Every structure is written in structure tokens, then in C-alpha cells.
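Working notes, structure below.
Note that the chains take the letters A, B, C and D in the order they are written out, and that residue 1 is the start of every chain.
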Amino acid sequence: MHTSSRRQFLRTGALAIAGVLVARGASAQGPASAGPADPRLLDDLMAANRILADQGVVDGYGHVSVRHPGNPQRYLMSRSIAPELVTVADIMEYDLDSTAVDPRGRTSYLERFIHGEIYRVRPDVLAIVHNHSPSVIPFGVSTAPLRPLYHMSAFLGGGVPVFDIHKASGQATDMLVRDPALGRALAQTLGARPVALMRGHGCVVVGPTLPTVVFRSVYTEMNARLQAQAMALGPVTYLDDEEARRAEASVGGTIPRPWELWKKKALAH
Amino acid sequence: MHTSSRRQFLRTGALAIAGVLVARGASAQGPASAGPADPRLLDDLMAANRILADQGVVDGYGHVSVRHPGNPQRYLMSRSIAPELVTVADIMEYDLDSTAVDPRGRTSYLERFIHGEIYRVRPDVLAIVHNHSPSVIPFGVSTAPLRPLYHMSAFLGGGVPVFDIHKASGQATDMLVRDPALGRALAQTLGARPVALMRGHGCVVVGPTLPTVVFRSVYTEMNARLQAQAMALGPVTYLDDEEARRAEASVGGTIPRPWELWKKKALAH
Amino acid sequence: MHTSSRRQFLRTGALAIAGVLVARGASAQGPASAGPADPRLLDDLMAANRILADQGVVDGYGHVSVRHPGNPQRYLMSRSIAPELVTVADIMEYDLDSTAVDPRGRTSYLERFIHGEIYRVRPDVLAIVHNHSPSVIPFGVSTAPLRPLYHMSAFLGGGVPVFDIHKASGQATDMLVRDPALGRALAQTLGARPVALMRGHGCVVVGPTLPTVVFRSVYTEMNARLQAQAMALGPVTYLDDEEARRAEASVGGTIPRPWELWKKKALAH
Amino acid sequence: MHTSSRRQFLRTGALAIAGVLVARGASAQGPASAGPADPRLLDDLMAANRILADQGVVDGYGHVSVRHPGNPQRYLMSRSIAPELVTVADIMEYDLDSTAVDPRGRTSYLERFIHGEIYRVRPDVLAIVHNHSPSVIPFGVSTAPLRPLYHMSAFLGGGVPVFDIHKASGQATDMLVRDPALGRALAQTLGARPVALMRGHGCVVVGPTLPTVVFRSVYTEMNARLQAQAMALGPVTYLDDEEARRAEASVGGTIPRPWELWKKKALAH
């Protein structure tokens, strides 16, 4: 709700910055906080980081965020460290310009704009994962579309677009979504879907809860692995649209089952 | 609530329902129990769950059941949790309509009908596994038949049918065997064989003991993995029918050897 | 040196059996022992079993033996249990007919004849592994020959024959080398080489020491895995004969290095 | 015994040898030491060894070195043991002829000349890894060039040459870089690049710091694995030259993030 950066000021005018000044006292160092988040949500965000590492979706790179329940203009994400090492103390708050509310010298992920720009245009999205999930990379650089071959990945049924940063931005890049414009371009490619591949880079996975985006990340990786194997055996029968829609609805209701397992395993380390 | 009791009544007549009433006192809330099972069998069922997870056959999904030794019309299976987390306290009793004898609020696996309907038509089957074993998925969605390429998977020698839930049921589904009719269709595809693949889903594995169905699940996965690799090298020589029959008989006698190992490893966690 | 079974009696005559009777007192229950083996050798045999499991060469099946230093007509091998569980107390002594010297009710591996018959015709061989090493299986059932693609597997340079038990024995089998005649047929296919594949089954690996056969088992598996990958990329340049001969000589001298590592890791469990 | 000291004398003249005599007193048993290195550098070298094992880049073989900060004519590397077992006490000092300064009976890696000869001609290189990284081997024996398919391996953008020891040396070898001439030939093939494959053997990876060469080793392996998978899916879009240059610059700045994670994990064993 409250905003602060100079860029934002130029966009929204003086009234907004006035609101910031009220919320933060006289300080103009960053956006206002939406206040403390439920400790259970922070625990889940820490768990999501560790599960993604434990399940082989992320290595030393990748990040996961959750929208702040107290203010849809804010999201929570770790400072720039490996997901497997994230603790609750590492979690920072960002506004949708991906400016940290209270950095205190902590470094932010270069590609935090993936999160801010998707939250901005997708009110249904409450959690986001960005990863370099191994089996997914080949599908981002080939012409073979990723398609759901079993019920566990039925959420892929609406199609999986590939974001080509060069074509989308019209210019040479370092492949990183390192500014709001590139974040917006990625959000546009994603559209209303749950997953978009990123050519030569990785993918982004969105959803309504942390367990859902972790689940989708795990089974996007698994589907990519199994689809490549299936394609080598000959023609593949994928889920048809109706099957995908129905299976997603049913399987979506079972996510607490693997989440409970994954959390227990990941936090045991 | 009492649908399955009523169905059973219509099938087996008044004597059966009388027995239920006696066994449970005046309550009509569910099927009668076959009584407590041997604690060693419950331990083996818990072990089977954990071994399947430890050996990579199941992840957060999948289930394994055993027919009740005291009553062939009953089977034992965990409540709906991840196999790796199953303890003896989670094990519930079901009748062949897959109605829980004593649910006490515990959730059942949606696809328990796989078990009930196969037990109903296969008196030789005393244990069943349903899983989404990774290497098996591609064979369920391609036209390449799964065939035994070495002695360890000789039990596949009679052929491995693929259950296509859409074709078998004649209607669009959510891919899940979520009612008795779909369970019966799957049992029909399985026929007298030990393994059936399920298109876009996983497979079902049956046998005369828990160690046998665990063994068959592990080596169905292994055969699928190795067969895909072999097919990539060129033409493959599979076991012929005679070799498969003889090898299955011999190898079947050695199952206590890996079972002892798997149990020790899985329960050490 | 001493022998005892009836079959052997028919072959070598009465003088041999007399020797057995002397060595064992009046008992005629089995072959004479060559006496206790060096405890360090027994430790190495236990370690070899566990390393093979730890390195993924064996699962619940497979076996490794060593020729008895005190008598070339005897060899040492575990009773029939999973290699990962072998302790020194499980090690039994066999003559070259693969008859146990002192079974005391302990079960022997069905396929122990692989060991006895190779030791009989290969005096240079002092240790043998039989396994179902995963990546090796596909090469046993395809027409693609296993060939050394790097220095670590240079020992494969002399060619890797495939033993087809059906063709070699001229009759249908259960795929198991379950009698001396089948063992002799396998030994004949192996010839003077270090490795033979067994169609629809696994392979046998021989050498002058336990560390060497473990090393060769590990790198036969690795070569098979990497060769399959290389073949998928296009034409492959293998080591030529001269390179293989020279590399084997050099790399053979370094085996204590991985052996020390493998032993430490395997025995830490 | 003193060959390398003599070679060095001929090259660098009397002043250098005078310095050696001063530093070592009157002894002429080996090259002079550059003095003790920073303990934190030795810790990092130990960590690099263990990380490479933990990340699956090396098994019982392979080595990593760092140039001595006190004298660019010296480098530090473990005695000949498996990387996973290296402790600070195992680290030895070498001159650029790869003669150990103070061997005290400790064995050196046969292929240490890889390190000495590259340090000699690449002043920008301060750390070197030699490994048999599994997924890389197939690319060394096929005609398919290794190319960067995502930002993490952008450092491969300048091309990855393949060193064929037979062609480079003009003679049959045991595939090992076991003398200075072969080391020089390899250094020549490497040129100014960060990675060179070695046909039928492995690869060499160089860079300005230990974390960088570990990072490059890990992602060379990963790129090889993913590139092989991508090639099986159809035509592949690799990073173009501009993308590779820019991505390398950006990603290079993030190496402390995985290094911190890898170090923590590898040293926890």
C-alpha cells in the first residue's frame, strides 16, 4: 500500500511519498513495512527454501517468496544466500518494486524483480519460486514443449510458455531478470499460467500457497525428466485438456500429504 | 454413510449383515472387523511402506496393503499419509468395498478401490502396491511394452498390460481410481498378471506376500530404467517365455535375502 | 589340495579321498579346510562386499570371493546374504567344486559355481566378483560391445565377451549358473579376460586381488554408463589397443588410492 | 634427483638459484620453499578437495591446486591421496617443474605436470582442477562440442577444446600427463580458455581463485549432463557470444554464495 523509492515517486506522485513519511516517521530510506508476519508463515518460507534444496529443485541458487498477508503490496523473501541455508532471520520484506523495506546492509537477490513484477499483475498469486531445476533446463533451450504426462503434473495442462529474454527485451542481456522491465516481460510471458520456462536459465513457478509452489516445482522437474525419457521411447500420450483440468483439481487437494513429508525430511538436516 | 454396508448386504445376504451386527454390537457404522492381526504382519506392512520409499519406488504418494489373514474379505492399509511416515498406529482395516471398519476420523486414500477390487477377484493375491514409480511412467504413456530383460524381473514375462482409464471407463476422469467401478476396470485389465501399468499415472503390483510385492515393485522400476537404456543401444534380447518362467521360479525363492537388507536399511532412518 | 565330493572322487580317484579323511579325521561330510586365513584378508573380503554395495555395483544380490592363500584349491565367500550385511563371521570356505567345507547349516549362494569353475581354470585369478551392475545389464542384451572409452576402464581393452547361457549350454535354463557345467561354460566364455557379461543377468569380474576386482567392477559400471551416453552423442573414439594396454598398466598401480577411500566410506555405515 | 633445479637454473639464471641456496641453507635436495602459506588458503584448498568429491566431480581420483601467494613459481597441492581424504597436513609445495619442495617420502600425483605447466604459461591462473567428471567424459570422446546452454556455465562461451594426447604428443601414451612435455602440450591446447577436455581421460579447469575453479568444475559437469539431454530433445539454442560474455561477468560475482553452501556441506562429513 505504501511506497517509497524515487522511481515510484516519479510514477505515483507526492501523495504516495507523504504516506510513506507518515508510516515510517520522518525516514525516507525505504518502503514502509506491512508489519510482522505470522511466525508460522516465516517457518513455512524457511521450510520451502530447504525443501526445494532437499528435493533437488535448487542448488546454491534459486529463491522462493510469499506475499505478505498483511499487505498485498509487500512480499517476503530471504536475503541473497543459498536456499538450503535460509533461516527465519534471513527473511526480508520487499515492496512490489522489489525494494527492501529494511535492508540493514543485507544483500538482495539480483533477480528479485521476478517476484515483485509477477505479484503486481497476478493478484491470485501468493507464492513464487524461481529455480534452475536441472531437467527443466533442456526444455527451455529446445523446441519440444513441456507437457503433462501424468496426473501429478496436471497443472502444466494449460501449456508452458518459454520466456526468451533476448526476444522479449529486444536487446542483449546477461540472461538475468535484473530490473523491473525484464520482470514485467517475464510476467507477461507467464500470463495466467502456473509455470514459465526461461530460455538458457531456468523457470518460474507460481501459485496460491507455499506448499503449492513447492509441489509444482518438484513435479515440474519430475515431469521434465520423465517426458524426456518417454520421448526417447516413441510417441507419447499426454493428458488431454479435460484430464489435466480434472486431475489438477483432485491432486491439488492432496498437497498437504507430501508437504508434511518434505518438511519433516528437510528440517531434519 | 452406510452405502457400502448396504451394497454388501445386497450381495451376501442377511447372514453377513447379522454377523456384522454381532461383531460390532448394535452399531451399524461400518463393516465388522476381522479382529486384530498378527503384530508381525503389521510390522511388515509398516516396513513395506518405508522400504518402498527408501528404494525410490514411492515418494509422498503410493500405498501398500495386505489381505487380513483372519478374513479374506478384509485388508489392511495405512490411513492417507506419505508411505515413509507410516507407523503401525496408522494402519486401518477395510472391507472389499474399501470401506474403513473403524475410521475414527482418519482419512482414507482416495484410490483404495484399487486394493479392494483386486482382492475381490484375485483370491491368490494377498498383498498389493500402487505407486508412481518414476521409470515406469514413460512406459505407461508410450507404445513400447515393458518386457523382462533380466532374471530379476522375470515375473514380467507374462506381459504387462496398460490400463487406460479413459478407454476402460468410457468417460473423462481425473485419472484417479476413485470408485469401485474404476477399481473393477483396473482389476480386469490386470487379469491374472502380477503388474499392470496405468496410463498417465503409475502402476499396480500384486503378489502372494508383502516381500514379494515390494520385490516386484523394486525390480519393475529397475527393469523399466534398464530397458529404456537398452532400447537406446539397439535391438534388445529379452528373456523368452521359458527363461522367464524358470527364472521367476528360482529368483522368487531368494526374496528373503533383499527383504532382510531393505528392512534393516529402511527402519534405520 | 584336498578334495572330497563324490563327483570329484570319480574324477581324481581314491588317493584324494584318502587325503581328505586324514585331514578331517574320519568325517566324510565335506572337503578339508585349508586352515584359517589371515584375518586381514577376511577383513578385506568383508570390505569388498560392503564397498560393492556402497558404490552401487551390487544391491541385495551379487557376491565376491577370494582364493585361499593357503591352498589354491579353496576359496572364501560369504554365506547367502546381501553383500552389504556380510561380516567376517559369514565367510565360508569352499573347494573348487564349490562344496562348502564347513556349512553348519549355512546356505550357500546358488551361483557359487561361477567362482569355483573360474578358479579351476584361471590360476592367475585370485579374486572374483559376480554382480548385476545396473548400467552393464543393457550391454548384455544388446549387440553394442562394451569398450573402454577412458583410461580408468582400460582393462576392458582386450574385449568384453557376452555369455549367453542358452547358447552356451544348448538348453533352456533359469538364467542362473547353478551347476559346475554352467560354471565351466561361463569360464570358457571369459577366457583370459578380466570381465564377461552375462546376457539377461549381469557380469563376472576377475583379477589378481580383491581391490583390483572391486576397482574393475566399479569402473566397468562407470564405463557402461558413460559409453551409453557417448553413443547417444555420435561416433565414439575408444582407447586403441596400445593406449588400453599402457593405461591399464599405469592405472593398475594406483588402485590403493580409491580402495583406501572406498573402504573408509563403506565401513563407516 | 636435481634435474628440475638444474632446469630452473638454466632458465632463470644464477640469481634464482642463489636465492634457493639462501632460503634452504646449503641443501640442494629440492626447490626452495616460498614459505608458509596463509592457513586460510590451506583450509580453502582442503575444502576445495572435499567439495569436488561431495559434488560428484571427483571420485577417488582428481586433484586441485592453488598457486602460492608468496611466489608465483610455486604451487600447493595434496600428496597422492583421494581428494575426499585430503587434510591440511597432506598439502605439499611444488615448483613449476612440479618437483616437490619437501617430499619427506610423500608420493606425488603422477599428473602434477598438468598444474606446473599451466601455471608457467598462464600468469592469470591461480587455481587448477583436474578431474574425470562423469558427464564430461562422453564429450571428450565424441565430435559434439561442449557449449554453454545456460547462464551458470557461461564461462564455456569461448569454446571448449579437446586435448587428444596421442595427436598432441605424436606418440602412443598411457593417456596420462606424466611429464612436462605432455603438460606443455595440454597447456597449449587449453590456450587462454578456462576449460579443456582430455580425450579418453577427463578435463582441466582453471581460474583466478579456488572457489572459481570449483564453481567451474561443478557447472561444467552440469552443463555436459544437461546438454546431452537437450541434444536428445532436438535442436538446441545455446547462449550466443554476447550472452555468454555478459552472463559470465554477472554470475562470476555470485560465486561466494554456492561456495559457502558447498563448504559447509562438504566439511560436515
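In the analysis below, contacts are C-beta pairs under 8 Å (C-beta built on N, C-alpha and C of every residue); 3 or more make two chains touch, one makes a residue touch a chain.
Here the structure is a predicted model, which is why all the values come from computation and not from measurement.
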Please decide if copies chain B and chain C contact each other with the same set of residue positions, more than half shared, or with different positions, and reply same or different.
-> different
Upon optimal superposition of chain C on chain D over Cα atoms, what rotation angle is obtained, reported to the nearest 5 degrees?
-> 90
Chain A-chain D separation of Cα centroids, rounded to whole Å | 37
Spell out, as numbers or ranges, the residues of chain C touching 2 or more other chains.
-> 232
What kind of graph do the touching chains make: line, ring, star, complete, other?
-> ring
A full list of chain pairs that touch reads A-B, A-D, B-C, C-D
Chain A partner, complex, touching residues on chain D are 149-152, 154, 222, 225-226, 229-230, 232-239, 242-243, 246-247, 249-251, 254, 257-262, 264-265
Contact set on chain D toward chain C in their complex = 59-61, 80-82, 84-85, 110, 132, 134-135, 137-144, 166, 172-176, 178, 199-202, 228, 231-232
